[in-house]
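Mind looking over this structure? Questions follow.
Going in written order, the chains are labelled A, B, C and D, and every chain counts its residues from 1.
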Amino acid sequence: MAGSRYAYTRTFELPDPLLPTTFFVIRLDGKGFHGFSKAHDFDKPNDVKALELMNMAAKRTMEGKELMGECVIGFGESDEYSFVFKRSCKLHGRRQSKLVTLVTSLFTSAYVFLWPSYFPNSPLQLDELPVFDGRIVQYSTELEVKDYLRWRQVDTHINNMYNTCFWALVLEGGMTAQEANKELSGTISSQKQELLFSRFGINYNNLPPMFRKGSVLVWEDEPTPAPIEAASEPEAVEPSSSSTSAEPSPSASPAPLLTPDGRPRRNKKLDKKTVKPKRRVIVVHEDLIGESWWEEGGRGAGILQG
Amino acid sequence: MAGSRYAYTRTFELPDPLLPTTFFVIRLDGKGFHGFSKAHDFDKPNDVKALELMNMAAKRTMEGKELMGECVIGFGESDEYSFVFKRSCKLHGRRQSKLVTLVTSLFTSAYVFLWPSYFPNSPLQLDELPVFDGRIVQYSTELEVKDYLRWRQVDTHINNMYNTCFWALVLEGGMTAQEANKELSGTISSQKQELLFSRFGINYNNLPPMFRKGSVLVWEDEPTPAPIEAASEPEAVEPSSSSTSAEPSPSASPAPLLTPDGRPRRNKKLDKKTVKPKRRVIVVHEDLIGESWWEEGGRGAGILQG
Amino acid sequence: MAGSRYAYTRTFELPDPLLPTTFFVIRLDGKGFHGFSKAHDFDKPNDVKALELMNMAAKRTMEGKELMGECVIGFGESDEYSFVFKRSCKLHGRRQSKLVTLVTSLFTSAYVFLWPSYFPNSPLQLDELPVFDGRIVQYSTELEVKDYLRWRQVDTHINNMYNTCFWALVLEGGMTAQEANKELSGTISSQKQELLFSRFGINYNNLPPMFRKGSVLVWEDEPTPAPIEAASEPEAVEPSSSSTSAEPSPSASPAPLLTPDGRPRRNKKLDKKTVKPKRRVIVVHEDLIGESWWEEGGRGAGILQG
Amino acid sequence: MAGSRYAYTRTFELPDPLLPTTFFVIRLDGKGFHGFSKAHDFDKPNDVKALELMNMAAKRTMEGKELMGECVIGFGESDEYSFVFKRSCKLHGRRQSKLVTLVTSLFTSAYVFLWPSYFPNSPLQLDELPVFDGRIVQYSTELEVKDYLRWRQVDTHINNMYNTCFWALVLEGGMTAQEANKELSGTISSQKQELLFSRFGINYNNLPPMFRKGSVLVWEDEPTPAPIEAASEPEAVEPSSSSTSAEPSPSASPAPLLTPDGRPRRNKKLDKKTVKPKRRVIVVHEDLIGESWWEEGGRGAGILQG
């Protein structure tokens, strides 16, 4: 057959498996989001709707049938998102390019699809589309994975504190960008907190936890609905996304395609038939740096095992 | 600083460069498109709008500032697309995961964004999103790259002939899928052509070239518009996408966000200022298997050099 | 300078680091040792001198300044040797090809150098040189490394039992190779033990432990010599290689270039000056499959930590 | 079986193939040869016997059955050697670690084995063994491979000119190493030539070509011996190694285990039976930088093709 004459070119596709039992993280970063956020006039230093859109795209990524429930933690800040997989994950034969492109594509697809629900008055443009790059990183131990997430959360804190000061100086203090950067140069954390409080009356610790700690996505068993009421108004009795957080969420945006807690509206007839306990991904803004989140009784206890 | 304590986890990101001077191809494949195409009721054996959407997403990918004009050929069929880069491409330090995820994300973003223009009556659903995986393959010689494209085009031909027969037997001949597969089992190309002609009056060679040969995306210098008319109605004098093909395109779908030849509508004031000759990507449906397309005088002459 | 014109070819050397904190094993295998062992008339099923030569080449590899004491366990059987490195090993920036070629070359060099001490009457030939290939394998957990060594020790046991039966049937039982293989086909371990005992009077468990368990190389603090006696006759008070094993070693071959326990003879003046406790590699033939070797009190306790 | 319980650890051996049609070079470098060359009192700036030993170890490597004649060019200088393989080489499934360790081990084995023939009065020591590391590098085009060899030959020239000056200043000029380095700092090639001629009467271009150009190993058909004379004294009619060079070789060392041109002495009875034309590797010291060596009529014409 004619095909076989050129099919030799297929042998150039080389194998690229991860090691068999490493943990791995897939991290996505917005490409050129400086310009993109300007084009859509994102609030500074943090745009609540933009962050919630990231969270919902990530929730969709984790919950989707494509990943078969194998991603156990998500962590997002600004225009980046990390997805953590356990040692035992065997998805797609652990082929690196398969895994990293699948997650990148899934997240991008959800982000573009959900955009109009969050920015109905600022439609996307073909020549300024949201684009993400992805990478995949392997870790040998549970501690390394925890420390990876701590690294990202410390980064969230450092960036947020700097940006909060910077934009206060610019937007409220009337400084130029250059003046603001100079003012902040060399300052340590406590000096920035003092600056925010004394000049702008901002208590940094009262800022929304989503800004200060980023967003953590984890699985939770869905509460079993009471049989009768559930059929008529199931969403009404479910906790909203913000109430799953120990600290108040900065906003609750309308998302017509989703249930109040950010899940896709499903066909209820199908759902009723499944007997096994259902799980869903929730968004919280909690501290991962201390040990208590990971220890017995904490939300992340045992989350990386198995 | 606190950040440095966990920043060691960054050292787990290993380098993954391509060889410095290989050609490379990034190929995307629709993930689970069997179900996706059913959900949106794609025409069988080929859905013109679905193929044109693929082409426009690929055109946007090639033309975008993100790739800096470095992709020199695109080739698409069904739910897959290949993007070919020359030896000299130095984009993103030739980092493999960066390149493959960027192209995958860009294509996905354009596909979801353009969807409503092609399927206005069949909106996407959050739990059935279009998703693509990607891979990157290196080649050492120009011949191998040509043969890669020939492999894909032969594949297009074989699949299309089979599917055309299969769906004629099912949709017009009233067979079950099983009966149709049995009927076709072991037949060679000439037998399938005969079957189509004698039973269904279909002359295979008269089918739209997009179905038989797939779609080839290449760069073309834009015609220099006459200074005065161009200012008033530049698009009006430009050839439409279909006329760039040597053979007739099966349809010309309305795409409100695009110019008639599939480019994003731009701010004309900006465009006027650039002096250098402008290029754009066009879609053709031509034979890549013979030598003439690649030789002097052919559209692909010298396209892989440099 | 002229050099810079061609120096671009250096950029084709791609990085190949191991992950930062994996354990790793470098395993060497004799290449074409079937022919090599025939050419030098190795005893069947095991040649004591050939095994001891392997052990001494491995000891030299582990002890050498080239590896800076970073290899913590060696394991050898037949014509293969494994060298185990801890997570914390940073040798040569953990570059894979550097590490695997260095160990392969070092072992080969020692093997060829030591050959005449073990086979003085069967000199090597230029066209039948001993050659080894090497590979490097990463592991994420301590258990996996232990199981790797257990895999090799179980392999030693299975091969040795089969070969002991096979050569008894051939050399003492007068069978052809084909007859012996047929006789053993499908037998389990207990049947092979019974065969050895009932037909040839061999109690398998009394065979030398080096044959049954392979050879394990580990570090041991050298006994501090009493200051006066040590100066006059240091080797005389040191334990010989065989006595470090819990079970008797099958032989003690003369090795003129080495001390009785297989270390290179050194300049004693230099040694005296070093104050820190000295270590050396010893060869034992112990069970790694059970837990006791690895647990507190066992020789391997804590050997993979740090 | 017990083996299967631990055999999962084998799955950690990941594939590492080269691309299917790249050229590749395996380059070996002496590890710590500064100390090694001092220990054996190598002549400065070049030790003829040490270079010839490198050449004979490389010749053995190329000619050995292990590489099946697939290495087409060798190039050596100082304590490094490069082995070039063509695109079409399929040896060992093009597995990188297999190939690079095999060549490294083979070369090391030959070097240690041949040592006594070249340095009979300076035996090797167990704690100062010759060791080499290896790397493998892929190239996409013939020009890149040529330029790789040119890079090494330019390097040979630059190093040799510097070292020749340096050691003349030290050994004949009575300078310290520091003074000599200072004297040479910033000088260009013509100044070094002038220095050698005016102060030490050395005409650089008359130095042995092996020092100035390194050593090139290529295959040559053996001259077919006349049937009768060949049987009695085959070696007598063969050209010696030095006469195959266009320029005189600096020495012809006695190598009792080898024929005069550096091949292992073989069993003549076996050789007579083979009918196909025999090939052997010869050592020349020729210019690879110009085009003439590679062009039609040159020794390297077509050497990289196929």
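Here is the rule we use: a contact is a pair of C-beta atoms (placed from the backbone, for glycine too) under 8 Å apart; a residue touches a chain by one contact, two chains touch by 3 or more.
These numbers come from a predicted model, not from an experiment.
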item: Graph distance between subunit B and subunit D, where chains that touch are linked; value: 1
item: Most distant chain from subunit D by Cα centroid; value: A
item: Between subunit A and subunit B, centroid-to-centroid distance (C-alpha), Å; value: 31
item: Distance between the centres, which are taken as Cα means, of subunit C and subunit A, whole angstrom; value: 50
item: Distance from subunit D to subunit A - Cα centre to Cα centre, in angstrom; value: 56
item: Multi-chain contact residues (two or more partners), subunit B; value: 8, 12, 14, 19, 138, 144
item: Contact set on subunit B toward subunit D in their complex; value: 19, 21-22, 87, 138, 140-141, 144
item: Subunit A-touching residues of subunit B, taken from the complex the two chains share; value: 1-3, 5-10, 12-14, 28, 31-32, 60, 64-66, 96-98, 100-102, 104-106, 108-114, 124-127, 129-139, 144, 147-148, 150-151, 154-155, 157-158, 257-258, 264, 266
item: Interface residues, subunit A side, partner subunit D - complex; value: 11-12, 14-15, 17, 19-20
